[in-house]
């Protein structure tokens, strides 16, 4: 018995993207630049800073990362990931020219328009710079619209710092204040940045909270100790943003995995202010 | 981000004759991760190796697959080549498209396709290979030699004479083995004991050799360079330190009718005895099964007559533990025994004897002092029939192999008989004569031509007694299968050489493999004839296969040289193919759940326990830990681990899965 | 019954243990459920009757239950054997748990504080399949290979991969089950025919020679798959091949871990 | 739309045959041992309506335990292409669902159709006709009336049959899909006359006030002790979720060989410890009590807030299937009590 099929699209079907460039950022950490294999899809595709996607290594499965490139840079998307599980190992084995899946963009975005005319302070730790890189470039590409830009970035060791070339580029820019730090013991003899944990470095750098937005991403322990510092500096919870990274499968509010209370991180997030985070049950 | 190079070897025509090598190369270029593929006539040649080195540098390879012969042949070659080019040698793998493909198939599309499959499988493995570093382990420079026959004696002396300690273990009360039992030896007819006993004395006198007779290996643990052997010294009931070997005890022992093992049952011995006069050590042992005191609690005559009070009835078995770096197995052989030849009446007719029994009859130290007299009535036989291949080369009886020495010793036996009994008639039933060896063929010709031995080509079907006379029934196949009946006074069966009793159990203790006939297997039949599949355990003499004295001695010296090679360095480098227990992120730390069934299963005692502690020192978890020095990479623990928390470096589960999934 | 309640009260009052794992009445008259008794007066709610069949040993390794403090557990012989088997696999230490051993007829209760005492206790009760179990197993054995294959295929087809069998099995204590090991993916996760077959065969093999035949897996299976038939069969196999019976001692060897010179090698062809 | 007719019990065989002849797949309760399971049936004789409730729910008709989301082929040098076929799930009649199961479709649809419609669910649902049978008996685990349903509730059914005598069912034809079934054999349906279903329905007592519960459970959220006590017996097996007609959580897994592969979606459970485990080792719900809380909160609190309905239809399957006899109603009552007190 035949019944006509409807035109509901398959929301689980990824775009096929070709890897155009692979950059090894740190041990086990890679950045892929991806381009659409189908130009029509490329034409229609848009996203905004803060959104994430599901990346497939076909045969291994899907993994969730934010889009690490800026929406201001057209024609490609970039993602940065650390090789850890089955999917990321599958992805890590891929090279330029290989095809991977990309499903997205999903989730909400950083309210960049609302931030216009403000100072922006980025605080990132380790592998959490990628979700912020998207916003950083977005802001820098529209530099005139924002006031002071401060980037505070720390990693365990010098080797663990990602986007080393871009860090140098930001460092060289007069309109960006970059402070990098590594944990004590993680420095190399020629390390010129700070030595110390991120919260202490933030405190020392003391960015002004006046007319400022802070974006904080990093491991839970870093966030836990950085928030009081920002608060002491006068940042209000509603002006501090972060992105949550709960485990996801579908990315579209079906699979039930990322829920924090009634909140779907995939739909209502991943971008939250700390004012919002405080309201969430402690399950993230 | 794998960058794999594939190097397909033609091996001259060996591979290229059946496999389309260029096609293999072409198909490799379609596999993700393969950035370079090339074929060459002889990849193992200098230019071939250079191709590998150059490609590693030029293409920045992260892995190399050489499709060629068995990794047993050239894996070290190519791994070295990779190392020279700066690539960790363990990122190089061999795909065996010769033994596994070209040699076993005809030239066809399917053969080439199989070669492609085999190489692709290895490409998928290499993609998942990790850099590994060799493991260095110290070497205990003491050798354990099991068996005090000519093989064990030769190996022990060779090693000891190079200044290393040797522990020599012999099951019987004296060393000497079968060679001490022999009369004259072919092809020179020199007296066996005359050449054997000096060697035995040398062993006893050598300071580097510790001799344990009447002892057996209890267990062997550890690994190459670092074995721990437990030796059971069976209770001798005689204090070796006090005994002077004066012999008063066995002269007085009332139990005199015990069949002598040394004389193959043709003579007798006492309950307290030394096996033979030249025994080393020349100190007696009480055979508790036959001793009146042990059987009935009375007698103690030996204790009374012993001038040094050396008799110790309450002596217990003693276990001694020795650390050794290498083991030579030289446990010899046995002769096929009764019951095997119901049609020949062995065991039923006293005058049907084995070749070894004949040796004792012919030996000056034997029960007849070297006169050939038949066991039943001591009469000198006028007609002797020798039956070659008694048991050997008889697939129907389960012994398809040739015992190798029978042709020669049968010729010798007939010759010895004829030398002593010029008028006697000697017949030899044979299948064919195998006399490969220096002066061997000449020796056989001498028996036929000079000593008038009657060689009858044919098998004996039956031996029976008729009117008190043995009748040998056979056929002469050279005369068209003419039936033949010979009335014989004595029949000598050239019984097959078989593995010595307990060979299987011993092999299991040593973790070495053995063949269907319980002979110990060598690591490679041609290129590693004195090694076993367990590193550090070597093999010499007839425990590996039937062989004669010169061959045995040569092999024993070969095994000794392998031991010496091992002892020539303070440490040895081992492949890092060892098991590792995983580590995961806290709070799990490891998926090992600490059931320690692996600990029990590990044949090398390589698994210990490790506590995972919190910062405050509190033990969070106890997990298995592999001692890389002890681990032999056998993978037993990997197979056993239910949660898959142990993996074998170089052969990880992931690699094996990738190989299978690539098919 | 009073004897048990008194023992429980005693142990809790004296502070010998902080909690006792026992049975209490369940949703209806046919069911019993686990009780975690922490106050002496709660002992009144304990029951001990033919309904009480769950193998409570499964709770001994549960982190939340361990947090209650030192434990005592009401154990029929099967549960007692489970505890010994867990001990032989280093999951329980001597003295860690006090066993209130219930005799096979359910009447007598003995306090067993050491593994040695436990070993004696289980030694008095014959282990192995019941007559009914043997009959059931013989029925499966009596099938032709094709019939048996069809039987298990239809059973496994219903599996939904909820892993209740695993959760209910006290011997399934791995912190990461093989089915969750995905590098490599040993067993397909999805509940299709292949994945289900692999899961159940591997589960059965992992219990070979370790299964105490408590039947909790089959009871837990919401789809009614008679899973215990598989482990029973393997228990018989381990017994026949290696003389191995699980749960007899706290230091017992595991047949599949041990090599013995007289091991049967019939499987090598 | 609703139309009431009578159909004789012995006419069901005929209706069944007509339905099958029309090319529809029929899922119905089939007895196995003491339980009944929804399975494909090919003759009416296989159908068993004697059980208060089947062990498994009928959700498999619209949300299979394992389903391919996409198939792909590997090409040369890391190339990938899709192996696309139109998604045409079988046209299905689910016969013999209880009214609670029929209601569960709305809860499933709420998840699968919000914001981003899920083709797989919706296509299956569109092709599925639900013929329910009212409950004339209930057991102690049934609590449909406590969550807004009832033994003769029509929500979600296309046809609801209620036995009104030994020989007859009252048939409420509720939707076009239901009409289509009737149209296969209109001669089997007689006019209803004055038959009433209510007297024949089982009596299911209301056990708790669900509106109160929605208010009281969140209050208890941070009271760890309560949840620990509640879940101490829980073994963390997924049974409750797997037999639940409304549980919709799933996992996505790839299975592939050298030639290509398939991306599968299969049932999952928030009760599993690995459900929320991050690769880093961090687990937002690292103990069982949190996972039990999630299940209860989701069904009775979050669902209401996000989907505007309860995530529970009161079928009682979770209580019946729980290997350690955790009884949801008991737990809910206890929670309500805690909420009220504090």
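Going by the order they are written in, the chains are A, B, C and D; count residues from 1 in each one.
Note that in this section a residue touches a chain if its C-beta (ideal position, glycine included) is under 8 Å from a C-beta of that chain, and two chains touch if they have at least 3 such contacts.
Note that the structure is a prediction, hence the values are computed from the model and not measured.
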By Cα centroids, which chain is closest to the centre of the whole protein? C
Most heavily contacting chain pair (counted by C-beta pairs in contact): A-D
Roughly how many whole angstrom separate the Cα centroids of subunit B and subunit D? 68
Using CA atom averages as chain centres, what separation in Å is found between subunit A and subunit B? 64
Report the inter-chain centroid distance for subunit C and subunit D in whole angstrom, where each centroid is the mean of the CA atoms. 32
Distance-wise, how many Å sit between the C-alpha centres of subunit B and subunit C, to the nearest whole number? 46
Listed in rising order, subunit B residues that touch 2 or more other chains are 32, 584, 588
Which residues of subunit C are in contact with two or more other chains? 183, 185
Where subunit D touches two or more other chains simultaneously, the residues are 77-78, 251, 253, 279-280, 282
Based on which chains touch which, is the overall arrangement a line, ring, star, complete graph, or other? complete
Listed in rising order, the residues of subunit A that touch subunit D in the complex are 1-3, 5-6, 8-13, 16, 56, 58-62, 84-85, 88, 94-95, 97-101, 219-220, 245-247, 249-250, 252-257, 259-262, 264, 267, 281, 283-284
Residue positions on subunit B within touch of subunit A in the complex are 1-3, 32-33, 127
Where on subunit C does subunit B make contact in their complex? 89-91, 173-178, 181, 183-186, 206, 253-254, 256-259, 261
Report the residues of subunit A in contact with subunit C in the complex, numbered from low to high. 85-86, 89
So in the complex, the part of subunit B that touches subunit C is made up of which residues? 505, 508, 584, 588, 591, 593-598, 600-601, 603, 622, 640, 642-645, 653-654, 656-658
